[in-house]
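Consider the two complexes below, in which chain A is the common component and chain B and chain C are the respective partners.
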Partner chain A sequence: MATEKKIGIREAIAATIYFLSTKLLISFPQHMAEMGETAAWIVIIISFITATVGFLVVMALIRRYPTMNIVEASEEAGGSVLGIIASIGYFSFFFATTVLLIREFSETVSTALLPRTPLSVIMGVFIISTFSAVHMGLGAIAGTALIGMPLITVTLILLNFLLLPQSNFDVIFPLFGPGLRTLISRGISHSGIAGEILFLGVIANNLDGRHKMQSAGLISLAVAGFFMVMSTLTYCAVFPYPLSLHITYPGYESSTLIYMGRFLQRIEVAFVFLWVISACIHIALSGYTAVAIVQNIFKLPSYRPLLPAFAVLAFTFALAPSDIPQAMHVDFMIVKTYGGLVVFVMPLILLLISRLRSFAKADRR
Partner chain B sequence: MYYTKLILVVALLSLCTVTTGGCWGRTEVDDLAFVTAIGLDRGEDNSLYLTLQVTVPRAVAGGEGGGGGGNNNKTSLITTMRGKSILGLIDLANTFIDRRLSFVHGKVLIIGEELAREGLTPYISELVRFHEIRRTMFLIIAKGTAREFITKNKPVLEQNPAKDLEMLTLAGEKTGLIPTSHIHRFLVEMQSLGEESLVILAGVNEREQSKQENESNENKYEDNDNILHSGLSPITKSDTHYIAGSSPSVGGNPVELLGAAVFRKDKMVGEITGEEMRYVLYLKGAFKQGITIIEDPFADGKFIAADLRFGRPVQIRLTRNGSKFHIKILITLEGGLIGSQGEEDYTNPGILKVIERQLSTEIEKGCNNIIEKAQTLFLADIFAFGNKARRLTTTWQEWLDLNWPEKFPYAEIEASVKIELRRTGLLFRSPQTTADSNNP
Partner chain C sequence: MITPMRSIPYYSSHINESDNSSESESGVCYSPFYSRILDPPRGIPKLSDIQTIHTSGGDKPQMRSTNMGPRKKRKYSPRVNWVLPKKIKKSFSFRSPSKDSPPNGEEYNNETTTLSKNIDENLETLKHILHYEINSDVIVRTFDIPTVPKVKAAILFIDGLVAGDLINLAILQPLMLIANLDTSETKDHLNQVKRRLLPGNQVVEQDNYRAAIEDILSGVTCLLIEGYDIALTIDTRSWEHRSIDKPSSEMVVRGPQEAFNETLKSNLALIRRRMQTPDLIIEILKVGTLSRTDCALLYIEGLTNPQLVREAKRRITRTESDHIQDTGILEQFIEDKPYVLAPQTLSTERPDRMAAFLAEGYVGIMLDGSPFGLILPATFWSLLQSAEDYFLRWPFGAFLRIIRVLALVLAILLPAIYLALTNYHPEMIPTDLLLSITASRERVPFPTIVEVLIMELSIELIREAGIRIPGVIGSTLGIVGALILGQAAVAASIVSPILVVIVAITALGAFAVPNFNMAFAIRIYRFIYIILAAVLGFYGVAIGVFTQLMVYVNLNSFGVPYMSPVAPYTKSSGDALFRYPLWKLEIRPFFLKPQQIKRQPLISRRWSKHENKNNKNDKLKDNDEKITNKMKP
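== the complex of A and B ==
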């Protein structure tokens, strides 16, 4: 296989944070409100804690095969059949994430900003620009993520701060929404919301300083988790439950509410500009991860020849959901719900099999 | 190879420039007609009257208006249509307005009282789904009709109708005599079990209106002295105890924003005066600053003005004893005397204490009166005490079972007020008619 340029740990952290937190800009907070009612933010805390445990399992599996990434390690641990099944599962998760994000972001742009531009044109522009980035390689995408990191950080902090006058934190009570037990079970089952952390496992061999991968993952989860909890908390304070269920594009709608007197209002366009950059980075990262997995499954020397086919597939599948509610339902109620099983439970099974095999080998000796 | 790459990059950039710039839906600014106010009134046979105030850009820029302002008809086009749906009527308007209507600069949504009493959900719901409508638009309930409010609005100081409407609402909010009322807040409160909505109340001052009609009929200015002698509207116990359209004033814009319309869910159930609105803001902890007038305790018929603001955040303690709720509110205000008609010497701390007590008693009485009115007349928690009651529950189902709207009218609520006057304005002592003999 052709060797991809290695990226530093800082780039990896920046890319992972982008990967984990960009979903805030689409309908994520609204779906969390569906899960957690007034306690939407608690669902995220529980999901991220579960995802952290899942990530440690992935790391344990990768550590057993120090020169391999998660796809190769899965094949080594589970054999050709189980390994391939696991890899197809990883691919499905990232490909579905790419496709659905393209559709959801294009719909947001279409509804809020360019209502007269055909959806296919917006989607086409997203796909061409992001797959061009993927063609340039992981280094280019991760480098952009690092440069863009201050942008999204400042955007999220500023957005939360400027929404304070519209926030009423009394309305986050009753604190436990549907009840603590339900919250915990929903939080665990939705650990797929942080499933993109597996990205680090896929690019393990491209990391300059592989031994720092675990700390990079933990830092990314902590930072992204913090932003997602804070932003969802603000969303719940601005759009109290059950109003929080009604908003199609929470990020955009929140930004239109900024009103700090006659001279500071109508500034959502500034946010949208940054969000589009964030969305492009996210789509490029998930697109890259998906094709990198296929490259590893088929042991291809390069992923680049796959790109045109993937771009066409992404475009076609992105148009498959008949409407935006269906696309969002598939994303959050299927991909992000069962994604946890694929990206965290599957590596756990493979880790156990790998250990059992080691024990069996040792016994035979 | 180099040229192929270059051509590809140029082609890609061109494609992005053309498509992401929104050229598909290209609209020039001078193709648009900017709607600044939307008015809704109840029509006959389950229909709706939609009134739109559209800015005339040339007049606003100074060409037609001649810098005089004051004439809404010159700076804006006002049109009314009757139909079933707001968005359908907007399409209809484009058959006689030669520019495409745009709502992105909309400032206010005005609803006629009759429609407000029937319920606003269908109309607000229709509007907020439409991407050009901003939830930060001010929501106003017009006594009478929305059309009347829009047509009678004659800005004097502002030529730009959009700016006029925004300034009018913001100026009122600063005094605490009207509530902060955006479409978004109404949507939040309408769906909440813990609070009910208060919306800005607007009215046309009939006296001012008839004066203007006289002026145009007789083509001459009426003598102001005649107006004063014939008497303005009767005055009330306080200078702010009026609702919109009834204040004893002449001159300027005949429309006024004063007081609030009280809602239970999406239906208007009553109205409160500007003074009562301020008591609600004290109780909600949302009061910013304003002038409070009381009768001078040392001189009958003389008055004292105090500029007050919160000394510390309002403390609300809500406890539950079985099915009974007890709410204790402590309002701590501070400020200074800014005007006095009396002749007291305010360097004497005892005098200030008496005035502080008088102010506390007056405000406390006002707060308890409006609480009683909300509990008995409106049956609506306009103070958002219910949001504090949320903390007594741990799950949403428990909160639903608590059924706060049913419990609120029976809650025992007690408001107390503490006031510290820290300043006495630019004078320690009031000017005395006998100053020479008493104060050498």
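== the complex of A and C ==
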């Protein structure tokens, strides 16, 4: 990590926003509809608030070790055993995210763009391009995210705006869907949907202006949360509740509904074109985070020699789910549900241990 | 032990070329001639081991060996061996490079072979180095300066590089006809000649062969006088050259219409005329071991980042090649990543553009014989800018930039998008248009990819042929070729009319990109995208765009990120993708880390309402301080 180029706060914010919000383009809204029914967007708000608290916990842990990132801080706080267990947990979260994203985006591309191309070819191209990006380093990925920031912003806003004629906001009622208590419990348990915010903790040492990390995280959560709430709300308004549970590619299906007169219709391909770029940035970021965690665990001077092995592993694991519903199920029902425990609860435990240790040390003195 | 300087040629009688493998630290390359006399055989001190010292008796530098034992007696007498034997003279070649004699710059740079007091010896050596016997353009003119007693003198110059009239009138005539030197008071003829008889405006004393030879080869006349180990070099340079013309590749409607030509001197004058500040520094370096081309490094002292200047200088001086005659060649030696298609330096033929970039904190490079200057570092955005952007009012300049970005996207992606749409995503094309395209393609027997490649390759052929064919035919070929070929191809059902339109728009897009090198890169990128689109449709194009963005973001030009100031974000005036009004461009690009970040005060239009209000000056001052503080690194 020490050899990596430092990135600025703007790049970090852009990268984190991408990291948090690109999942909108796959089956995320549908799963939120499963969680919150007509109040899917409220689940996201609750999840993001929980994730914000979790992020503050991560920050509290990192702040105790001002020269360390989350992996090193975990090891320092929890000792070698607990620290490494935590780090493996972080790695598993990001690696699973990488693998599942590759699969889900490849399936989306296969459905929307290249129905006759073998899935393995699409996945292979994804992996080659994104792991090449990881090889170039964090600076390249974050810089691309910064350049692409207007792209995703305009795309999402345009998409939601163009879907307004098809939206019926009456269908988002009853406002609290299955009930406020259910919403809160489901929102908290699904805080893993914003678990990628831990990315900032992993790259803490690569940030030019580490002291601004907390504000960077909060801004990213706010912006990404806004995007996700806005898009999910539109989704719920376009596809009424029972229907919203059965849309496999919500982003793509939504965009097919856009009608701008007789001449401009079926412009979903243009959106998919932009989504592929967003997906590449997302996969590159999660792949980078995963290998950077391994680099830190084993204290390697560089992560780059690991990349070919990781690429092969990612390709293999991405092919493991039998179909796209299974991949989605693993992503949202396992990774995003239990991911919160790993990325937020684990740092909380380590923080408590660290505090107890320092209290004990102070008592001994 | 004092070693007289004339002992140096003696070493050449013991040349062992294979031993001469030391690499130049400074990176300056020198001719094998110089390197040969620096590596004597064992037992004889190397020239590099000889230090220049100043004796108390005079100001003439002398040399002393440092690696010889202090009491060891020298076995040779340099004076005896001064006249070179014929055998050695053959190996004493200035122009015959040997593969075993790599450049040995630093030693020679520090220590040089000094002239003799004997004019015959000096003439003999210079003639030998210049291959006087066989070189027809080397002129040696001996004469006497009419003093009592007469003093023998000679001039050497290269015919064609000098002004003959100037030599006659400003050197020979005063020295031969009106030289009434008063020898009674002083015997310092040299000083008298220099002060009273040479009306040339640039007269320099050279005490060594290297400097004298370099001067002679650059068109200076060298005057040798009997009894002096100093050569006077008088600037008599004059040769046929192209006059200052209009720019041919960076034309503007509004703005200066001057372009660089092949003469370094006049190019530098064009820049100096636009930058009348004493802080404009023009350093002359030499590049090319054989060509010894003058390379001017330009920057503003106190403004340009010294690290950038050092880096540019380091790369130029560490470039070892025999023949560098154009900035296009030098560029390839000093760029960061030669395998990336994107140009990493900005070439310009406009002195106003060069001056504007220098004022922003960039470094300029000019090469003698090259009508293009280089600007370092280059950023992606600077390659999309034109000089005219600033000469027009800001809305027009900003509009032109947006048009150019659109042109760039069209030039790179349009054929690929057409291919992806027709092959993979026809549902996206509106029905009427789709029917029209299908109808036009009905009689075309080829798949779209073949059609696209045929047309693109034809356009490339026309473009290349149009440049290579001389004169009027060349310029007409482009139009005639495009029209006739396109029309004929459509009539023969080889390509569809819609594709002709697509290719024409693409070509126009490429022409709208103001940088020639960038336009070249675009042409190659276009083919890559066509292949990606043919294989993977929109998905391939998207992957290509992502990869290209990654490569560009990862690229550096002289330590400056290529996509600055956008990624990584750095403070800058709004002068990258768009152009804000000139009065809003208050700071210089921060990515250059200039020593003076502020270009103009926060309120530069001070004649406006602020001027007439009371106490506004203080506010202006405060604002200036605020912007200065804000922009501190």
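General observations
FYI, the second predicted complex is superposed on the first by the 363 of 365 C-alpha atoms of A that agree within 3 Å, B and C clash if a C-alpha of one lies under 4 Å from a C-alpha of the other, contacts with A are read in each partner's own complex, and residues count from 1 in each chain.
Criterion: a residue touches a chain if its C-beta (ideal position, glycine included) is under 8 Å from a C-beta of that chain, and two chains touch if they have at least 3 such contacts.
Bear in mind that the values here come from a model prediction, so they are computed numbers and not experimental data.
By the touch criterion defined above, A:S129 reaches both chain B and chain C.
Touch criterion met: A:L113 reaches chain B and chain C at once. In the superposition on chain A, no contact is made by A:N205 with either chain B or chain C. Within the superposed three-chain model, A:P174 lies in touch with chain B and out of touch with chain C [touch as defined at top]. Within the superposed three-chain model, A:Q214 lies out of touch with both chain B and chain C [touch as defined at top]. Within the superposed three-chain model, A:V272 lies in touch with chain C and out of touch with chain B [touch as defined at top].
Judged by the touch definition given at the top, the superposed model places A:I141 against chain C, while chain B stays out of reach. In the superposition on chain A, A:T153 contacts neither chain B nor chain C.
Of the two partner chains, chain C is the only one that A:I7 touches; chain B does not reach it. Across the superposed pair, chain B and chain C both touch chain A at residues 113-114, 117, 122, 125, 129, 132, 262, 265-266. Contact residues of chain A toward chain B in the complex are 37-38, 111-118, 121-122, 124-125, 128-129, 132, 166, 168, 170-171, 173-179, 239-243, 253, 256-257, 259, 261-262, 265-266.
Contact residues of chain A toward chain C in the complex are 7-8, 10-11, 109, 113-114, 117, 122, 125-126, 129, 132-133, 136-137, 139-144, 146-148, 262-270, 272-274, 276-277, 280-281, 284.
Residues 424-425, 427-428, 430, 432, 536-543, 545-547, 549-551, 553-554, 561, 563, 566-569 of chain C are the ones that touch chain A when the two sit in their complex. Chain B meets chain A in the complex at residues 12, 15-16, 19-20, 22, 24-25, 131, 134-136, 166-167, 170, 182, 184, 187-188, 191-192, 194, 384, 387-388, 390-391, 393-399.
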